[in-house]
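Shared between the two complexes below is subunit A, which pairs with subunit B and subunit C, respectively.
Then we have the complex of A and B:
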């Protein structure tokens, strides 16, 4: 843990975004994670994505549970709203916050323990409800805060730092999310910001639940020879199968692509997710085909990455529940609490 | 790009911008840290090793280090390096037992130095401790050269000058005052083993305009006039004074005139302010003393009536910037400016009427001696030049470095070693790691602004010629100012094979100076780093191929604030913060450093 603050000195060539903010205005406190933690790189990618999307920090709510990953919202967007919930309960808190105020942009940061063990049910239901949020799962295969036991995402056969093999099956958050009806499913690697930043941006723009599973090596407990989530192993097995970028609504589309090379998917806000590389026979809009492709591909030991599945037409929570558009805090008191007579009338309706 | 060779001392030397810019390569960050610890005498001795005159230079140096200071690129203003040097000199305790001394047994070699200015004094400083018998010939009745005759005492008090010169002369130097050398032939005939010419650039330029001869009683050559003031031969000047020229000598002339009775003093410049030669701080100091600086006026004539100077005529111009940024001056009218005295500060040149042409000391087109830029030897073996005498007017710190180099040459010459055999510079790198995230230097960035120098009240300033204007930093001010130093000598040292490419250093760097990227040539790399490398004066560090992907680590040295966070966030200690010492050789001493 560094004892000093990050120097206020800045590179004069930093360009301000549309709000007049530089990327450094999207930073948070100094990280207290281990030096070299993959989570810090994800933090840097999130910081950059918000900067590039010209998001006002005070219009963001960042939520997390418990674990190394869940400490990270402190390290970006110090001007945003934040909530550090009980272990595994972040999805419920996030759902409630979103229900009360849909004007904010929600980002939940979780880990493989918080999401796939204690909070598996919570995450599943947030996916099922299609809550409008970006959900970043910082996946390192171990419980880092409790000294590196295998987590639910540890691959069978991979070894602990002390050499014992893992004998249990792994939960794959990508296949799980696809089976639960997720509308935006991606996988990336903390060491590949070129891929991760566009995915985070697209996820923030997606209306509905956007799951990004990020392989994020634990440099202290899971960056060794027997690991399948180390820097070296992930670099050796990562296969970016699809490439996608976000084209904001107002941007003029100037780049030219060979016919068939680019597939555009229109988002709710008029922006476009442009797929520039899709393997033959792969359709990121066909859930069953994606599941089949990933199963086949992963069995060879590869780690397919990219924006793997996207369905922008899914109905998110507010639409399904026909909720009021105005944040509850901004509704007049009489609307929020119409009084005893209105309650009586409601109750009579059930008799 | 080929991987950077960090084993060449000059790579890390260049990162220490102040030390690189200093002609004498004073180890600035190290002496600032000593000041921070209150070790003023140690700071003084470290300074003295390279620049010999810390007290004098701390008041008068042209400060090439400050425009170079990295702090000026990261923020607006550089560290006040020069005035901190003065702090070390002013606040130090007695150092007399730490000064070099002459050995009891001499080496039997005799060296003559012509002129007792800074260059000769440094030669004496370096050679006397080696056992040389050194004789200095000085035309004036006191030592110091231009430091005494041209720098007014309100900028450089006589006691400071005397003390630091005495440190050298006190070792036992035979100085012949009021002895002008009239013939090099005669001097050579005295059989010295080597002769060093440090006679400066004593000839001020004149201005040949109509009326010059008739006005001569009231027209003064700047450097001669300053010398007359310094030695008490002149103690008054007219009420209305014009200074022609805007170099640092002009600033000393106008400010001296203000103390000798001048009431309306104008510095007349032919060009706009942007083209002035004077250092910005010297201009500011003059203007603070209500001296008017008039631009776009070119002198055309001295106006004399009945044998008395009435003033001068000037051609006025309107200046603008033409295409490709060059100055365009459109003539306007001719104006008359009344004056009682005119001081010409138009530059100076060296002159050697006393060196006979047939001695094998060859001269160039302008009568300048031909001097080797490395050895400072003339075309006659055993005759050396240094200071302004060698390459024309520069400043004191250059004369100091010339003196060091000439002393190495003289030492070689007297031992029969070729003067071109220069002892190499060396370096030392020592890790500053003290704990997991603790370093042997203050790595916490201090956003404090530059301290302001306090000046004596205007009311008091003109009471006497030698009231020193700058009061110097107080210990508290000095303590704040040293913390602004970025410790550029604590280097980021990278070990390729340890890197796991986790990006931690890149993510934490506050100024985005690190990148991991596929290799390319310099121009290509500079455009695709975390932030574009826009300063071509500053190097890129490029590692060898990294173990996992074969990409390279690139560091743009331009804006690194040496906070050490890259090393703190590095899980494998591929980055380390190591203190760099440039080991500089001097006459009779292999590359070594007094740093501790």
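Then we have the complex of A and C:
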């Protein structure tokens, strides 16, 4: 449907947010992905999350690598600068961008090929650095743009469109991120917008690297019988084990939850992530327990989803670096150059 | 093809060859003696990791402080401890301090390399060695003098700790050399005081070791040798080194980045560029940390590899910070992919390449100019980059600043091609100066107000006369938002697969690069009356080529000089190439990369350019250049019909 220009007509009944913007103002160009692609649902969730958080679009930088998933930043927030970079290299470019300007909100969109094969190293190190960004991994187990090769997230035994089984072990981004010390780890399903929007919002508010692995079926190359990343399989095996919602600082008082049923985790900005459904004995702040839980449940074929792990106390890249509050790119030159007199003085050491 | 003449005594070196065979203290002709005051070279052979580096730099610094032009070349192995390492010092009152392989004196402190080291002394020269153990008869030469000092014994008697005994052997020979070469002991002692101001115990043992070496020499040898030093310049401030500093290219590069206002640096450790980031880090800690809050006005990222390092630089450049990386050849290979992205998407980036010997891992601790073509065209597809070629630390400083200006002016990656010799060795260069009225050239960046005044904004249109279109920085306004992509795009910034739209952008990029020829540092051109040929060179070849030209001129072979300092090549280069029928292109790589680039990018005929190459990994010597030019002139004369 890419030949259709997106209508610019506005629906007067659309509700404006605190900035006076409607959800339309958070949209982007028309998607050129296949009809029914999971990625488009994720785009819709991202659009909704930014709208609900009252973020000014121009204060967002959206970056991606290469692949079907990486095309999607064009489809949301047309008022934000975008960067469709190179295959597997977005985490580094995002890291550098964040280094230069800590005031912007960063969202990186990637896929399983981009993040788990060619970009595995860069994603891992962005996690280690705890770069302040939301990282959405649109995971379909397959290379779409090159027509159906297995990706590194394809489960062993999962079958390709031609029936051939995958023989290699899968890389699970959630377990990987947990082992690398990620401070925010979630898994969701593109078909579960109700779960995904609050996770994206919490990820955007998290100070540090927020990984959201979203199972996002590829309708063209990986939605058949025998695939473990199809709509049908995911719907049948997804277990939303954790429910969480973001309570912004100002809205805290008005949020309605049954007393005793909620566990609150306070974020840097004073907002709260309120866990309203957690399995008996599950602690989203206990890394080892979360890993053990996921391993045990995944071995049965289940796909536990939700905001699985959260540690708001981690020191993000700029905090660790003790960078000044003013974005480095905006520091006046006079505050950066020591000047001629200092150059003279320091050269006494070179005599 | 030129072979690496390590260890051989070049036939064409300056001055008459002394007669073979005199013993120590033997009479040598008076003229020879006179010429060796402040004009000689010596070599120190050490074991890596024994503290020799500080002893040797102490020596060089002392000579520098005596006002005498000097150079020090550290020839070190890719190793932390145990392998042989050498340090070569050349003093020359006239300032010819390129590397020479003609050594008047060798300090042989490494028994493992005695044989080769002793071989390298010129006839009637001297070998200073540790005589705690007897020297093998086979190593003895009758045409040189052996000066034995029992350093190990002396140090064992005078120092208690094992580590100290090893370290002090090297400090002790500094004392011996001070006596033999007439180095001002006052200068040496001043330096020790400065160096160990905070460590009185170290100060005491170093001073003691130096004195032990000095006294032993005074007692046992006729000091000083005829090959010796003499302070230059008389009154303080008038010596040839009075307004000079001793600095490595990498430190100067880091200073350039600091003064240019770079705030983001991303890198991956690699010899020989690591000290750029070490120095930048130190400088930032000194000048960019708020004294009260301890907040930093910089962010240095040690990346996971060079793929990421360049990615971070590009991300920061996209976001408006001045950002750079420093690396060497293997890093450039890895960065090439994203260099193409920055070129095509038009994002500023500064890449310092401190070249080492390739291909592959090559020789990481040896110097070369082997990345010229790689950097000129780095990345797949049609790409062409701006290159700057410093020849010494002073130019490293200024060219690094220039690189940031050019990067932002032309919205493109800019390479600063230094090398291991410039980057890691101490050079005597004029004191660096800074103009406080300098302000960064940020190129065309639209502010929010400028955007508001536009009916609509497009990233790659309209262009100015330089082929540059205005960019906007993320966070400015929704109106200025655009989508940066490495995929095919038209002049409005939109995705395209249309041939005409694609070509339109690519043609502008070529125009932009062409325009930059007038903005890179112009070539150094020196013409002489009666010149019969030209010499074209680049980077660290400078001193050796100048010395070679002077020496050739004394034999009536007169050539003009051109040193390329930037790419794309400026009009002054075209004009030099047009004016000379025959030119020798002197460079340090096997394939004559500068020569190739000249033939590709100018109108010069291949047949006009003769190649003079040295690429064994050690800094270029004048003797190599002289020999090759003389040889090639003779060959062409033979071929010429009578």
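Definition applied: the second predicted complex is superposed on the first by the 324 of 351 C-alpha atoms of A that agree within 3 Å, B and C clash if a C-alpha of one lies under 4 Å from a C-alpha of the other, contacts with A are read in each partner's own complex, and residues count from 1 in each chain.
Just so it is clear, contacts are C-beta pairs under 8 Å (C-beta built on N, C-alpha and C of every residue); 3 or more make two chains touch, one makes a residue touch a chain.
Everything quoted here is computed from the prediction, not taken from an experiment.
S.K.: Tell me the contact category for A:311 with respect to subunit B and subunit C: first, second, both or neither.
M.R.: neither
S.K.: After superposing on the shared chain, does subunit C or subunit B touch more subunit A residues?
M.R.: C
S.K.: Looking at A:329, would you say it contacts subunit B, subunit C, both, or neither? Reply first, second, both or neither.
M.R.: Only subunit C; A:329 stays clear of subunit B.
S.K.: Figure out whether A:235 sits in contact with subunit B (first) or subunit C (second), or with both, or with neither.
M.R.: First partner only.
S.K.: Look at A:41 in the shared chain and tell me whether it touches subunit B only, subunit C only, both, or neither; answer first, second, both or neither.
M.R.: Only subunit B; A:41 stays clear of subunit C.
S.K.: Go through the superposed model and pick first if A:114 touches only subunit B, second if only subunit C, both, or neither.
M.R.: So A:114 meets neither subunit B nor subunit C here.
S.K.: Tell me which partner A:172 touches in the superposition: subunit B (first), subunit C (second), both or neither.
M.R.: A:172 sits against neither subunit B nor subunit C.
S.K.: Once the shared chain is lined up, is A:213 touching subunit B (first), subunit C (second), both, or neither of them?
M.R.: A:213: touches no partner chain.
S.K.: Who does A:191 touch here: subunit B (first), subunit C (second), both, or neither?
M.R.: Touch partner of A:191: subunit B, not subunit C.
S.K.: Give every residue of subunit A touching subunit B within the complex, in rising order.
M.R.: 1-14, 24, 31, 34-38, 40-41, 43-44, 190-191, 193, 217, 219-220, 223, 231-232, 235
S.K.: Note which residues of subunit A are touching subunit C in the complex, please.
M.R.: 56-59, 61, 63, 73-74, 78-86, 89, 91-101, 103-104, 121-122, 124-125, 129, 318, 321-325, 327-331, 333, 335-340, 342-344, 346-347, 350-351
S.K.: Which residues of subunit B touch subunit A once you look at their complex with the stated criterion?
M.R.: Per the stated touch rule, the residues are 73-75, 437-438, 443-445, 447, 500-504, 506-508, 510-513, 531-532, 534, 548-549, 559, 561, 563, 565, 568-572.
S.K.: Given the complex with subunit A, which residues does subunit C contribute to the contact?
M.R.: Touching subunit A from subunit C are residues 64-65, 245-247, 251, 255, 258-261, 263-264, 266, 286-288, 290, 294-299, 301, 303-305, 307-321, 323, 337-338, 341, 431-436, 438-440, 472-478, 480-487.
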